[in-house]
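Both complexes below contain chain A, partnered by chain B and then by chain C.
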Partner chain A sequence: MSMPGAFLGGAKNRLLPASLPFRFFVAAAIFHILAWLVLFAGAADLSGFVGGSGAILAALHLLTLGVFALTAIGASYQLLPIATRQPLSRTWPARASFWVIMPGIPVLVFGMIDGGAMALTVGGVLVSLGLLVFAVLTADNLRRATSMPIVAAHGWGALLALLGVIVIGLALILDFDLGFLGDHQGMALLHMGLAVFGFMGLLVLGFSQVLIPMFVLSRALPPRYGWTHLGLTIAGLLAFGIGIALGDQRVITVAGVIGFLAGGVYVWLMRNALKSSMRKRLGDSFVLIKASWVFLLLGLLIGFGLVAGMDIPNGAALFGFVVLVGWMLSFLMGILQRIIPFLASMHVEGKSGRPPLLSDLTPAMPLKIHLICHFSAFALCSIGIVLDIDLAVQIGALVGFAGAVAFATFVAIVIRKLTSTAD
Partner chain B sequence: MVDDLPGKHWTEPDGLHIDVRGLAPPEPMVAILGQLEQPDQTGPVTVHHDREPIYLYPELAQRGWHHQIIPTEPGEVRLSLTLTK
Partner chain C sequence: MSFMRRTPQLLHEDHQATIVVIEALDQLLARAKRAAPDVRDPAVNKTLSQVASAIREEVSGHFAFEEDELFTRLEDAGDVGIGMHLREEHKAILPLGEQVSTLASGALETGFTDKGWTEFRVLAGELIERMFAHIQKEEMALLPMLDDLLDPETDMTLSTAYSDSH
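And now, the complex of A and B:
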């Protein structure tokens, strides 16, 4: 192999077959649709939701596992080898992880709606197995990392949080039948905190160090601020866990303060990236991404208000909705609409022998419809939660469903272009 | 503005050279695209990199630049960039 060929080979090792990340993204787009549909079905229970089985718990897991985790896993398999400069050691376990998690999610969710212990257990075990395979593959890649220590450190933090999420999740499932947990609701809160702010949050914070400057074309971000929000996030999660374990509201309040500081440092860092951006127009994806940062701070403020004893109408449900839909879903949808055409472009050559243009791979109309529907759904459901209006939640969920269908249409169009160009 | 870009750059008879070796992502992409977006830049441009910048290619194509890997010494990936539109 010639020297350029050798380097090309190295690059191709880092670039996975398109079918690998794309299967996760397609599944995430489908679970996104299902999440809004199940929320519609359980709309009457949203405002007063503080935990427990039923449609809201099912919608929550369709979103967190079906959309967030699958997106994060698909993106990590492809993006982490680029950041660490190390290829995945094997690709078949990555494929296997998909085929274990993907069927496990609907089974688990069915168990949450139905209350059946068998479905909960089988679904929980399947999902946990898939997540563990992802954790092992990612740990192996991080262990060999030769660059980007800040991204690798966030990755390690995310994996530790993921182990906590899996152990507590399985314990919660067993507790439905056996009732051995002293504080089921507290453990459920810790499970959610570790999943959203630990596993997903640390992955988002870590990848943001590279992806946001890459998308906006800004200088690399100063690592010391990245280390600061990593340290604060871990400290906040530890304090939260200790607070739950001791049942001490003061420790939980301290965790809220630390968490807000972590969010503040992260958003400030991202704002600095935008300020030094060389791109004049960032497009609709960054409307979602910038809004997600505002919703992160808003969500953390609501959470802090709750632990500080403020009387926020249906505050628990509002906190969850703002964090999950406002922050995480907005951010991931914004990122996905950037990386899906990007990855597609790298995998095919057009008739001219060059990659197709990103603009040709990015259909504008479905994304515009998704953008409008996403924010409308967020506003309607939030109003419904605060004012206890089930109809507003129902209409919001339907609008969200329409937006999710539009987003899935975008994914389908890109894949059709990918396959037709490759032919 | 160009002087604020990361990496090194200089001009030779065959055009602009940009050396982004040793830079962490996304600085190489920022350095290269920042140079290409200068109003008077029509190429050719030679990039000295320490790995194949696969994420750069879609951005180059979007801006009408064609890339070609040219043989060079071990440890370097050298790209020749030409404007096609």
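And now, the complex of A and C:
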């Protein structure tokens, strides 16, 4: 029998049971499908979207909570103990966090479409509770971290941002009914900024320090640049928060400049990793990952243009779409298609009792279909937003839906192989 | 990666050297595809020569050192799983490496037949995939653990012995 269950630490048990991270990845794959479907339903509202309840807000949260957060949580539970060389103190709270967040997301999203205060509140509380459990478990692990301070520091930053996201998110939900926030839209912007660039962004930047060099077999990344983009990201988020609180456009513009610098340092660092890569053929996953870095810079440029007062057609919606779908979704889909077979390989026995080949666990066709659909959907929806063509957004959403189904097929095939041979 | 202790650093340097050979082999397969390459081509000849010598000699020494000196120490410290897992991968990689080395040596002397090239492609393709995944795991898990595990004296003894054996 293979000894997968104890790999990466044996008695220290740093490899979690497969069912733990995989349940998050499966749910993320399903919410990915739903996000495109809901976007299709609300396509007519996408170009002019600047906030407010409805299908676009629902699609946005299916993506950010359903896909991004669940992927990040599942990956963090597994990867953080490896990076910090400290096991999770307990696994049952990690399982519990899933069973609180996962049902909370559809309830919350239903509330966003329906406008019902009860669904919004129940969904918001469930999701917040699950995220808090994740935050506590992760904080406990980071507190005991003995290695990779750069990753741990990004983790702490992400957790602080997550607390802000939760508090502001709950306040926004209550404000729908009570109307106590002076600037609802400003707080919604801050909520989004903290969620995407703070919580998710810092996790992505932190894990990139480890995962990208490992995947491409490059030299170690010089930590000073990692510290630089961490400092710039935090400074940018603080400036953004102050700018929103003061209603001062100049401070928000400064935040945009700092944010662009942070993104620039990160992308430059990743480019250096690729330049020193000893692996030349990186596969389709790196087509997504490399494109995501381009879209990060493009999104930050659009955002900077907006705060600087440039007239970009439907700029707010375009900014959100480029950042969320172009950067974050592309990056996570690229990473997921690498780590899902990799983790599965730790838990399955290959042919003739030998460890399995990753290629045996990675069905190529669904990933190829997803790749084509993902970029086609991105292009169609972006054109639809800029030119205000609802049909283009609708077709784009349908193509995105097809890609998401293909990606879910990939996940299902890997899991079928995992469950048919797991120890 | 860079490591505090000499032993993981030496293993890391071995990995880099192996990656160079494996990457060259990968490029050779990618360029030639189904048509057997001409072994008189200097680039093909160089790659096959590296494969013929490096995998059999360097990799087997590297694996033996890990199994005899390092996994045992990890097991004594309570980390049983990683050694067992990596030993299983060694068991899969070594025979493959030997087969590929033998085929490469043969090809250097007589060239590839169509059948021989097909066999070489299949085995080398599997070797490349297994070796890259194996090195990734060792770089991510084993070498950092050694950094934690080895005290300076043991590190010096092991690294000196390993250097001398090369």
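Just so it is clear, the second predicted complex is superposed on the first by the 409 of 423 C-alpha atoms of A that agree within 3 Å, B and C clash if a C-alpha of one lies under 4 Å from a C-alpha of the other, contacts with A are read in each partner's own complex, and residues count from 1 in each chain.
Convention: a residue touches a chain if its C-beta (ideal position, glycine included) is under 8 Å from a C-beta of that chain, and two chains touch if they have at least 3 such contacts.
Remember, predicted model here, so these are calculated numbers, not experimental data.
When the two complexes are overlaid on their common chain A, residue A:Phe304 makes contact with neither chain B nor chain C. Judged by the touch definition given at the top, the superposed model places A:Arg281 against chain C, while chain B stays out of reach.
With both structures placed on the common chain, the touch criterion links A:Phe375 to neither chain B nor chain C.
Once the two complexes are overlaid on the shared chain, A:Thr146 sits against chain C while remaining clear of chain B.
In the superposed pair of complexes, A:Trp227 makes contact with neither chain B nor chain C. Contacts of chain A with chain B, set against its contacts with chain C after fitting on chain A, overlap at residues 2-4, 7-8, 10-11, 15, 82, 85, 147, 210, 213-214, 217, 219-220, 278, 342, 345-346, 354-355, 357-359. On the chain A side of its complex with chain C, the touching residues are 2-12, 15, 82, 85, 146-147, 210, 213-215, 217, 219-220, 278-281, 342, 345-346, 354-355, 357-359. Residues of chain C touching chain A in their complex: 1-2, 16, 19-20, 23, 26-27, 30, 74, 78-85, 88-89, 91-92, 126, 129-130, 132-133, 135-137, 139-141, 144-145, 148.
Listed in rising order, the residues of chain A touching chain B in the complex are 2-4, 7-8, 10-11, 14-15, 82-83, 85, 147-148, 210, 213-214, 217-220, 278, 341-342, 345-346, 354-359. Only residues 4, 6, 23-27, 29-30, 33-34, 37, 51-52, 54-55, 57-59, 61-62, 66, 69-74, 77 of chain B touch chain A when the two sit together in their complex.
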